[in-house]
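Both complexes shown next keep subunit A, but they swap its partner, so subunit B is in the first and subunit C is in the second.
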Partner chain A sequence: MSKQLHSEAILRVIGLNKYFGDEHILKSISTTISKGEVVAIMGPSGGGKSTFIRCINRIEEPTTGQIYFGDLEVTGSKNKICDIRRDIGMVFQNFALFPHLSALENIMLAPTKIKKISKVKSKINAMALLKRVGLEEKANNFPEQLSGGQQQRVAIARSLAMDPKILLFDEPTSALDPEMVREVLDVMVSLAQEGMTMVVVSHEINFIKEAASRVLVLVNGEIIEDGPSKQVIEKPSHQRTKEFLGNLL
Partner chain B sequence: MMDDFGINDIKHIFFNMEVMDGQWGLLFFGLWVTIKIAAVSIIFSTILGLFVAIVRIQNSSAYNLLLITYLEFCRATPIVVALIVVYFGLPFLNITFSPFQSAVIVIVFVHTAYIGEAFRSGILAINKSQTEAAQSLGLNQIQTYQYILVPQAFRIVLPTLANQWTGIIKDTSICTILAITELLKAAQIIAAWKANPTPLVMSTFMYLLILIPLTIFTMRLEKNVRIKK
Partner chain C sequence: MVFIQVKIIQLMCSMIKWRNKAITTKIYKYLPNLSILMTIMFFVVYGIFFSNADWSLFQEQFFNFEKMRGRYHIFISPLILILKISFFSCFLAILIGLIMAIIRSFNNVFINGLITAYVVLFRSIPAMVLVVLVYFALPYVGLNLVSTNSVIASLSLLFSAYTTEIFRSGINSVDRFQLEAANALGMGSLQSMRWVVLPQAFRVIIPPLTSVLIDILKTTSIAYVVGVPELIARARQMEGVIGSVTPLIFVSFLYFIIILPVVLFSSRLEKQSRRWSKN
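The block that comes next holds the complex of A and B.
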């Protein structure tokens, strides 16, 4: 937490509540995420991890509370949400690549259609991103022709193409075969090392140890633990965290 | 002997090329009119169908009730009745359409309902995460439809769409009740004049002349889509 004092806040969540009908999914969550932080969100399923991360770019509508991205209020007028989302990348559990577009076209779509970058320029950029995730030779393949790990790496490249200031990962490796998890995590680790601000819902303990600077533990819609990753994983203060981590290891 | 006689008989009645002497011009003129009505109707009902589907998905209240009423109305009304109302009925309200306009209006009105429902189910069949991925990249609603949902829905509904287009081509034959010489009407005129049904048989082949290229076209599209997937 001390880290936040001397660095710039990029994301502020204030009193976030989310109800699905009568169910209280997120209970008055408040937290601040600083530039360059890699925050892992852990917790048992049904604890509200996905709902929380989906509220950050408002693809899930918060019931009450405020979220600020820099100076901009995510939870403000709906008219500005598209502009805000351009700077918040998101990677999904099921990859969510566009099946009718090739890997290259998936990456080029947003820059050419939203930022109006020329096709030539955005193609050069997209190829560079594909190279970065190690899939240069798959540029013209369609999602169906790619393995899960490859699809997820293309999805990461697609988010990066918009030059986001923060990247959200919603269980990026949960839908992958074990042998494909590593190739996705490698890309994420290198992003973390380059200073990308990331919020990652994940149970990949090795990744968290390796790349995360901070861990939030979300149980029953509340943050029960918040601290440096090493501390939370090795010396959790809350009994519920201990149980949960015990099940993971 | 009997068989021989039978076949000659059939030939004389249904495939009598002497009857067709000098009549092909009229039949081809009819074919051209049919193609024009069908092409305009297909284009308009497909575009409007897509529009209806999107409006129906986006709005839940008043629009929807209006649209559902329209859909049910279309399903329940025989197309001939609709044509009679538009062409013979509306002039009483001082609204007059040419036969061509009336035909297109009625065909589009009815088929838009069916095509709209097809598109709606196509769009709803797309995984919700596609919309979310598009949104998270910063695409607005129109862009999401334009680049993500409609192209995918189109691929899903293509077989249904091809069926509807075929239906539209065949429905152009309702124009025989109007003063408009499309393919079937042309065939009827010649058949009545020559007292022989050969022109009707020939007109059937001409419908095939339109339908076969359409079928090939849609099959190609479907194949392309499958390769791309």
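The block that comes next holds the complex of A and C.
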């Protein structure tokens, strides 16, 4: 992507702390994510990756610290959080599709109910999104009738329907059978190529090499490594990162 | 005779314990029919073994429709009355229960305490006591309700305690991730409740809610304590006049007729709400 885009900060995290009871999960994390960046977050389990990404749209309540989305403070008044979340898409590990709605209705729900877009218009949009993730023929199937990979693709389409400025992925492929991982990653790679800003918690090393522009390594609630993906994966500076990557390959 | 029925049940239980799965599943499948059959068998066996039973006297006491001839129209207005009372009571009980369950899901400690107190209180007051209190005690604090309305008020209060719990358990049965996904899309708590949580809670709610609605229908009979001319009260009056318990039997039949469509409607709703799920 072009260089100017990178300079514009879309997400700023300042001194983010999260406690679960006495457990210190996130230790004063600060980072800035620019427009068009694809940031992969790696690290051993229990390191706080999921907690961090869930704090970004305040699905998890941060204990202290500030998060800014553009000029808006995510960690500010609770009343505005819904408006901010509309511009932050999120894809979950367990897909979290609405089981009582068909694939098409899943995608249409938020635009019609929140943005009050007409049914006809949002249906056209939803069909286009389904086509984009390669599932037009499954439009009227319920989530239970879809495979894991198909469900996750519908989930991606659902978050795209709100036209988000940034997409968060919380381990999008870790609940999938190996042969379904690729179809989901393909969609994510094409999103990255189109310039979507993405934050991805993932251990898919091939995806990271292919699509991520930057890697954060989160260990015990601290960012121990932050740099271009190639550099972090090939020449990690921290001993802990080397161990972790060694186990992964 | 109780002994015989117990024996039959024991026999059936031993059959169900059989390792033969085909037979066991068949029995389970036909269990409702079997229980009807058993009841009929019970009467047949009773008739054979206790043939000194006085059937004609039994019929005269309980199924003497001869004497009821020309009196059926008396039940029309009480029937309409209890339909009215139960309709408004069901409506209010569902409305209050739904609102309280939704408020409760916001997890405000203080308000939840109040709601819990409400539920505990109204679940433990006997229906008759509450009807009497609402009708006879409220006028002292300046609230005069017509007897019918006081019955509606008491039934709504009583049963909203039950519906609150039913709606709450339904809401709790929906996966936490569903709420998170709805929130992540930018839905507020009421929107996610309306579009995501409640539709899924619905299918868990229907069976217990149906029981409560039927219960409301039958508890309307309590209205006689404040002088509302409802079905049971009328039946008992007629009982005195014609000297037979038949009116009560007839009224039970009327209740059955009212309740049947409720049951059918709810099972249809339940089937519809399952269209998206295998289980």
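Following the convention adopted for this analysis, the second predicted complex is superposed on the first by the 243 of 249 C-alpha atoms of A that agree within 3 Å, B and C clash if a C-alpha of one lies under 4 Å from a C-alpha of the other, contacts with A are read in each partner's own complex, and residues count from 1 in each chain.
The definition used in the following text is that a residue touches a chain if its C-beta (ideal position, glycine included) is under 8 Å from a C-beta of that chain, and two chains touch if they have at least 3 such contacts.
Just so you know, these numbers come straight off a predicted model, no measurement behind them.
*Asks:* Based on the superposed arrangement around subunit A, label subunit B with subunit C as either clash or fit.
*Replies:* clash
*Asks:* Where does A:188 make contact in the superposed view: on subunit B (first), on subunit C (second), on both, or on neither?
*Replies:* neither
*Asks:* In the superposed arrangement, does A:107 touch subunit B (first), subunit C (second), both or neither?
*Replies:* In the superposition, A:107 contacts neither subunit B nor subunit C.
*Asks:* On the A-aligned overlay, A:57 touches which partner chain: subunit B = first, subunit C = second, or both, or neither?
*Replies:* both
*Asks:* Given the touch rule stated above, what does A:223 touch, subunit B (first), subunit C (second), both, or neither?
*Replies:* neither
*Asks:* Contact-wise, after the overlay, does A:85 reach subunit B, subunit C, both or neither (first, second, both, neither)?
*Replies:* both
*Asks:* Counting contacts the way the document defines them, which residues of subunit A are shared by the two interfaces, the one with subunit B and the one with subunit C?
*Replies:* On subunit A, the residues that contact subunit B in one structure and subunit C in the other are 57, 59, 82-83, 85-86, 88-90, 92, 94, 96-100, 109-110, 113-114, 142, 144, 158-159, 162.
*Asks:* Hey, which residues of subunit C end up touching subunit A in the complex?
*Replies:* Residue list for subunit C touching subunit A: 175, 177-178, 180-188, 191, 195-196, 199-200, 273, 276-278.
*Asks:* Which subunit A residues qualify as touching subunit C in the complex?
*Replies:* Contact set of subunit A toward subunit C: 57, 59, 82-83, 85-86, 88-90, 92, 94, 96-102, 109-110, 113-114, 142-144, 158-159, 162.
*Asks:* Enumerate the contact residues on subunit A facing subunit B in the complex.
*Replies:* Of all residues in subunit A, those touching subunit B are 54, 57, 59, 82-83, 85-86, 88-90, 92, 94, 96-100, 109-110, 113-114, 142, 144, 155, 158-159, 162, 168.
*Asks:* Please output the residues of subunit B touching subunit A within their complex, sorted ascending.
*Replies:* 127, 129-130, 132-140, 143, 147-148, 151-152, 155, 225, 228-229
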